[in-house]
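Following are the structures in question.
In the two assemblies presented below, chain A is common to both, partnered first by chain B and then by chain C.
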Partner chain A sequence: MAYVATRGGERAIEQAERLFRADMGKITAERVNEIKSAMPYLIDRVMGEASLYDEDLAALALAQTGGDLYEAVLVLRAWRTTQPRLQVAAPVAQDDLFTHRRISAAFKDIPGGQVLGPTLDYSHRILATDVLNGTPFTPAAVEPSSKPAPAYQPSVAAWQAENDLVDLPKLDETHPDDIPDVTREPLLFPSKRAHTLQSLARSDTGGALALGYAAMRGYGQAHPTVNELRLAEAEVMVKHPNGTSFSAGRVKVSQAEVVSKKGEKLELGFSATLGWNEVKCISAATLDLNSKGAPKGSATEEEFYLYHTEGVESSGFCIHFKLPHYVTFQSSLDAMRDAKSKKSIHPEPAE
Partner chain B sequence: MSLSSLTKDWEPMSYGFLDASAKREIRRKMLKAVAVPGCQMPYASREVPMARGWGTGGLQVSLTLVNPKTTVKVIDQGADDSVNAASIRRFLARVSGAPTTLDTLEADLIQSRHRIPEEKLRADQVLVLQVPNPEPLRPVQPNMSIARQMHADADYGRMWLQLYEQIVRSGRVMQGASYPSLVNGRHVMTPSPIPRWDVPKLHMAEHLTILSAGREKRLHAVPPFTRVEPLVFDDVPYKVEEHGELICGRSGAKGFFMNEIPQDDGTSTYEISDSDYGVKTIRQAEGAQVHLGETWYKNGELS
Partner chain C sequence: MATPHSETLTILARSGAEALKSFGEALIPQLGALEVRKSQTGLVMVPMRDTAQGTSFHLGEVLVSEAHIVQGETHGYGMRRGRDLEAAMAMALIDLALQVDVARQECSAFVAEQQSKHLAEDHDCLCRIEATRVDMETF
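What follows is the complex of A and B.
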């Protein structure tokens, strides 16, 4: 049978995957642990985009995919979606966040204080090349402040609301079990508030940045001021079957609140995600800020930015163009050739 | 009675990969899609262990329909041996234990990317087409929310205008694959990027076709014996690709959709796109006992 090549195709894909994995060698628990402890911000980014909080699984996904972020996020999402929903945790108010870092660009000082926390913001970005020459880089020890910052702080917007500078959105009283879940139902427009915030929370960092940056540069209607940026830990409060409420642990979260002057009041844009990811939160909050009243089809309109910052969908579609498309191509060729032959029979009159 | 007699042991993966709630949603959306032929039904579209755009919509439908007795065939661009078809077939078999086949006639469930087999499908077969873009209005209206409203209003004026403009500019409708078609006289759908050659196979067909777009989270259906009419003007008839006279250089099969293979000397040869039909033709010529099913096209003409 000269024609049958089925086994060939199967062998080819198997060997291609082996070739990819051969470069990375054996994956061990030690390697996964090393990734987890050496790259917490990468882990955070992956957990946020996967909308799955598990540092071990995120590190494993990175190890398994050789650090291809889109692949790592896809592996985690595909795992996540098959897991049973045991419970929805209790809502967390801003004041309840165990806060590590919290800054506001809107005021010199804020109630609760500016807390720099861990950041590279003011570091000089110089490569520690000595490490490659055998001199390890040992970070200097942190000298704790004599007066520690309070772990729990009110939101800046709360102060602004008290001073009639901003109208806070009405408290959403939806029972946690009834909050719409974008991973279990389709996203339709105009989108539900919960769907918008969930989609931004799991959006691709680069995608949110690209569109958010466009809005910041001037393709949006509102210029953001960072009202409050917070890196914190949130208590995951769940209910035991016997009715008692208990903490299942803490998860790292980040949130950004940006404001813009609109008439006599400030307008709010908000975003939060799992893990510590400041660029994504500021970008996504800027998109949220610009979203209201944005023309259909513009980069700051929700349908546009929610579809196009979905990393699993956008990356998947991008790489699908590698698949053979010769049937569609053949169909187009046929139409082109026919149109061309018609033209040569009936040339257009000279003008 | 004990708890263990009422529950199943823990397993690392659900049967057919998707969990029961995901399958339930897809079953409901498929029923709706069958009830309103050609109308796009939004669904949650779970992630599956394959990249979006690689058949995840078709895969979710197949995973929902499959059981250990379903014989599965998977094709990509007409070929069973295409690498992505091999990958999907292997995955379906791995998570469902279903037997697989290359023979269209033996299959209960056929998942396909961009082709409908040349042999007629029967009432007991289901065709699942992978769909990259479920929205036929996309070229004239990129916003899905507005397009959805246009479908509700049967507002297809811009669609017709686009076809008319192509005729004025190029002397013919320039749409290659994914030819927009009116289903059951009501909804315009994309038949997925199947060639124009394949669209008439959907019209009043005996089999059920489910078209599913995983990335775009929409599925639609063509139930058995449903009208599927390509959008054409009365005086400009629908034209399939001019493949009726082409002969497959490897199998000798004639009058089917072909792949063009460019040659070093500047010419082209042709190979039948439906690879298994080609294989069967060759085996028959070699004297093997082969059952070639009835085909939609006979001598290059739709019968």
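What follows is the complex of A and C.
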């Protein structure tokens, strides 16, 4: 490949950036706080894809990029690299999740019951256009129950194992410091399961949905049923210098188990992410469920879906096509002209 | 099982930054000389266990602020979510004060007050969640 150095675009580049930022105007702490409080699900999505949990930084990234999600995730991932890793927390277990929402589409009577939590699943989707005419939309207040919901619930899979429907997996005893980490090691195939699940946790929501949807529509081997969907808060369990474990705070997490019948048992697919993002978890768990034995190059094949749902790489590759390709394109044109001229000199004999 | 020290640190990490800072600041003159070893922001990687195959994997990193102070052989430590270094330092000061027996009564009262707030917040939250429980009726 050949490169040609050019100059002359400095002013245009600077003015182009100014033009982009001028549309957003001044960014203030108030604006960042407003984004944070008004759009928690967008903040969650950005934090999950950036694999960096901090609502303030996510809101700032959205403010600074005008809501371009790929740019927001990119700027957060870049910022993340400036920070030292201080500790690896103790692994989050399902039984320890402070649960806000837990439903199963597979079993009506799961232990702990069906708790809908915050959702629009059963609501009419009607745009509140009156707001635009000056009438504020004030949501009706929740009528709290007189007794609290149980804060902690076991996983549905644990209950199914008691009923001989699934085989409970052996617990992974890997020390937290030794858990494979795709931010520090290359993703190689066949992928380690820890790499697969981490990659899905930070995957692009739209990408995971597109490929997961392909599997759901019939291009996968297994039709998913949501065994358990949970929105919760996890304690970040860290260590004091004298060894005492404590929680440095809670973070929102979502997880999905999807299930399919396999012989006399049920087979599970799993996914979880930072923040509350149900579509991504169900889609990613569907990919996990379908990946075993998937044909090479299919939507549910591990290498295919892990590469193509990595949002920063895929969006970066896509937008790099906007950058000058004058030399490579000219070279293609040269080859095309050359072939054309040869063809006109030596016409191919008729068949 | 949570120890009292573990519970105290968990409560302090969850406490409101302003309350923590104003209480922690008042301890500085009483504590006397101490060494500040760390006052920084950084990341904590959070792993999770998969229920399908039991594998531990990384969910992602959480931004935290950390403070580590030392007086003699005693370590005061603060780590909490977010980038408020002063709040992490205040947590470390209260942790140290409790260990070296400085303003113990006031510190314990502060921790107890914060714990009551957190319990009330959790209770309210869970009552709102309970309102969304489906009372399934099968026909």
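Rule of thumb we're sticking to: the second predicted complex is superposed on the first by the 341 of 351 C-alpha atoms of A that agree within 3 Å, B and C clash if a C-alpha of one lies under 4 Å from a C-alpha of the other, contacts with A are read in each partner's own complex, and residues count from 1 in each chain.
Going forward, contacts are C-beta pairs under 8 Å (C-beta built on N, C-alpha and C of every residue); 3 or more make two chains touch, one makes a residue touch a chain.
Keep in mind that what you see is a predicted model, and the values were worked out from it rather than measured.
Student: For the three-chain model obtained by superposing on chain A, do chain B and chain C clash or fit?
Tutor: On the superposed model, which is not a single observed complex, chain B and chain C fit side by side.
Student: Of the two partner chains, chain B (first) and chain C (second), which one does A:P324 touch, if any: first, second, both, or neither?
Tutor: first
Student: Taking the superposition on A as described, I'd like to know which of chain B and chain C A:G113 touches: first, second, both or neither.
Tutor: Second partner only.
Student: A:S37 contacts which: chain B (first), chain C (second), both, neither?
Tutor: In the superposition, A:S37 contacts neither chain B nor chain C.
Student: Which partner does A:A339 reach: the first (chain B), the second (chain C), both, or neither?
Tutor: After superposing on A, A:A339 lies in contact with chain B but is clear of chain C.
Student: Who does A:A149 touch here: chain B (first), chain C (second), both, or neither?
Tutor: So A:A149 only meets chain C here.
Student: Which holds for A:Q15: it touches chain B only (first), chain C only (second), both, or neither?
Tutor: neither
Student: More residues of chain A are touched by which chain, chain B or chain C?
Tutor: C
Student: First (chain B), second (chain C), both or neither: which does A:V312 touch?
Tutor: In the superposition, A:V312 touches chain B alone.
Student: Between the C-alpha centres of chain B and chain C, what angle is subtended at chain A's, in steps of 10°?
Tutor: Seen from the centre of chain A, the opening angle is 110 degrees.
Student: Under the stated touch criterion, which partner chain does A:Q87 make contact with: chain B (first), chain C (second), both, or neither?
Tutor: second
Student: Please work out how little space separates the C-alpha atoms of chain B and chain C at their nearest point after superposition, in whole Å.
Tutor: 8
Student: Using the superposition on A, tell me which residues of chain A are in contact with chain B and, in the other complex, with chain C.
Tutor: 80, 84, 183
Student: Where on chain C is chain A touching in the complex?
Tutor: 3, 5-7, 9-10, 13-14, 40-64, 66, 68, 75, 77, 79-83, 95, 122-134, 136, 138
Student: Considering the complex alone, what residue numbers of chain B touch chain A?
Tutor: Listed in rising order, the residues of chain B that touch chain A are 13-14, 17-19, 21-22, 25, 42-49, 51-54, 56, 76-78, 80-87, 90, 102, 113-115, 132, 142-146, 170-178, 193-197, 215, 217, 239, 241-243, 250-251, 257-260, 273, 275, 278-279, 282-283, 286.
Student: Note which residues of chain A are touching chain B in the complex, please.
Tutor: Residues 1-6, 8-10, 12-13, 74-75, 77-78, 80-82, 84, 183-190, 296-297, 303-304, 307, 312-313, 315-320, 323-336, 338-339, 342-343, 346 of chain A touch chain B in their complex.
Student: Across the complex, what residues on chain A touch chain C?
Tutor: 47-48, 50-54, 56-57, 80, 83-94, 98-101, 108-109, 113-119, 142-151, 155, 157-158, 168-172, 174, 176, 179-183, 193-198, 201-202, 228, 234-236, 238, 240-242, 244-251, 253, 255, 257, 268-270, 272-274, 288
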